[in-house]
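Before any comments, here is the structure.
We call the chains A, B and C, going by the order they appear; numbering starts again at 1 in every chain.
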Amino acid sequence: MLDQTLEVENLHLWRGERHVLRGVRFTLQGGDCLEVTGANGSGKTSLLRTLCGLIYPEEGRVVWNGENVRRDLPAFHAALAYLGHEPPLKSDLSARENLRYWIGVRRRISAAELDAALLRVGAGSWCDRLVRTLSAGQRRRVALAGLALLIVPLWLLDEPSTNLDSEGQELVGTLLAEQLARGGMVIAAVHQGLPAAVRAARRLELAA
Amino acid sequence: MVPGFAATATTGAAASALEAARLALLRDLRLAFRKRGQLVQPLAFFVLVTMLFPLAVSPELSRLRELAPGVLWVAALLASQLALEFLFRDDAYDGTLEQYALSGQPLTGLMFAKTTAHWLLTGLPLALVAPLAGLSLGVPAAAIPGIIISVAVGSVALSLIGSIGAALTLGMKRSGALLALLTLPLSLPVLIFGARATQLAINGASLLAPLELLGALAVLGVTLAPLAAAAAVRISLE
Amino acid sequence: MTWTWFHRLGSPPYVYALAARLTPWFAWPAAVLILAGLWGGLMLAPPDYQQGEGFRIIYVHAPSAWMSLMVYTTMAVAAAVGLIWRIKVAHAVAASCAPIGASFTFAALVTGALWGEPMWGTYWEWDPRLTSELILLFLYLGYMGLRAGIEDPQRADRAGAVLAIVGVVNVPIIHYSVTWWNSLHQAPSVMSLAKPKMPLSMLTPLLLMLLGFTLFFVAVLLVRLRGEVLSRERTASWMREAVAR
């Protein structure tokens, strides 16, 4: 098992005059999954983005494997994958091209790997069409393909199952389960709970 | 790579900063060619602006030749401005800029790659079209190489300076006027040296002095502008 | 030990109180110096042999121009401190500086035009100094425009800081290029009164005005800073107590 740890200490965040995060703290080990719940506007997205290092909290810190992530932010970023509300895709590129550029900027990737990932999410027949012609659910699947290709210890996911049918939701479950099985961590902000395959999750409820 | 993860067959070596920048450049070029119509707009605008002067001032070529350096450079400046909005706007909107910031690669290098793409798609074509506009203003044919070189080098600095303004005004609706207000004062040195270089080219004299100054501005821009743009992008993502 | 006062300067309540206490110490000396400078410049100093009485406007023009540049630099330094060390008060200082600096720039331009009219016959000449001042005005307007256009106050602070730093690096470049441009076209510059040739009776009022303007700037800055801190911290508990007192 991996001995990666993520410690979050006493995070306080203000957005304008709103005290969005009030002393959030938790510790995760490899293989842990954290489910972040809360009503709209309770700060789920802000929490994820603060954990990524995109937002600078007024108080508190994020510690990755014993080191404050602010010390070496690029190294921390190389160890995480973040998926926001919208899939990060250019509408004038195909799914395949999008993945090639998105993942390729981070690591070398072969055509075979791209093919395998696209097939896995069921994109075999439409992976070369421009993304602007795809439905929201299809775009979400492409984002999941990217996630599957980013084999990194920490996944930060903002509503990963949005726009997906039941088959798609199962796919999310499988991917998450695989990530946890190989010792990775998952922090997922969800509205309606995680897929069944990821049963043993800890919960963090954010009050609005 | 992280121990335990390297064993999986699907992990490859991390991309170097240079490879990442190269991919970012290629992506932007490919995207631009998918929307070829948009590429022509700044050039069309440039030609249109230069056309305004004969109509507004006088059709006499001798008078136009005097105005030519100024007209060409003001038009180039404004056309370059127009194209700036597209530099970061789409990426900020669809989340790909965020992914760049989270890629683990130096954001400065990626900003430089994007600005290079912008120059290849706007500045360089402007440099090639400028002589045609110049000819219509009575500029002698012998001045053409000088015009191409001065606009090509000057537009490098314009793209770099512009990238800072574009990054600062990310996410603002209708930021066109503010972007111009930010970028034009900073671009004035380029205008001054560039117009001078073009004037010398028209006179048939050596334009080495202002060209060197333009080059110095471009080099300064290359070292500092991507840094400032990266800082501005990170601020917009906070 | 020395860091304690620096840390305290980063605390809004401390700065709010300190600014109130310090303002009179700058405001009164500023008034005295400016009055002395004006009296010396308008009454005592002999008329310039070339320009007659008209040159007296230099006693307002030169300090204004000097201050416009000094304030921009102060603004950029404060913004940089706020950006790098994430000190909110530094951003408040930068925000307070901008309108003051823009006013100085505007004053320099207006007095420059008023000076020019009797000399050149026109209200405007593309003299390198005046042109640089005009560009500086646009740099100020751009800074204020950017801050006004960004809704999130923290983001406005930080984006403004990047712009201010880029601007301050560019100011010498712009000035150099404008001087270079002007020298090509050999326009005579009436504005450069060679400093060594200025007799003491002319120089002293000028220095008094300069010092007076500097103190005036600090006084106005302190007043504006209090206003900035007030508006930024209006919901904080310490602020509500302070206002209630």
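Everything below uses one rule, namely that contacts are C-beta pairs under 8 Å (C-beta built on N, C-alpha and C of every residue); 3 or more make two chains touch, one makes a residue touch a chain.
Since we're looking at a predicted model, the values are computed, not measured.
Taking chain B out in thought, with all other chains where they are, everything left is connected by touch in one piece.
The leading chain pair by number of C-beta pairs in contact is A-B. Ranking every chain by how far its Cα centroid lies from the centroid of chain C, the top place goes to A. With centres defined as mean CA coordinates, chain B is found 35 Å away from chain A. Centre-to-centre spacing of chain A and chain C amounts to 48 Å, using the average Cα coordinate of each chain.
Centroids of chain B and chain C (each the mean of its C-alpha atoms) stand 33 Å apart. Within chain C, contacts with two or more other chains are made by no residue at all. For chain A, residues touching at least two other chains, in rising order: 56. Touching two or more other chains at once are residues 238 of chain B.
Remark: chain A residues 2, 4, 30, 52, 54-56, 74-75, 77-80, 82, 84, 86-93, 97, 101-102, 104-110, 113, 116, 130, 149, 151-153, 182-184 touch chain B in the complex. Residues 135, 138-139, 141-142, 145-146, 149-150, 154-155, 158-159, 162-163, 165-167, 169-170, 173-174, 176-178, 180-181, 184 of chain C are the ones touching chain B in the complex.
The touching residues of chain B, counted against chain A in their complex, run 2-5, 8, 10-15, 19-20, 23-24, 26-27, 30-31, 34-35, 90, 94-96, 98-106, 110, 234, 237-238. Residues of chain A touching chain C in their complex: 15-17, 56. Interface residues of chain B, counted against chain C in their complex, comprise 164, 168-169, 172, 175, 178, 181-182, 184-186, 188-189, 192-193, 196, 213, 217, 220, 224, 228, 231-232, 235-236, 238.
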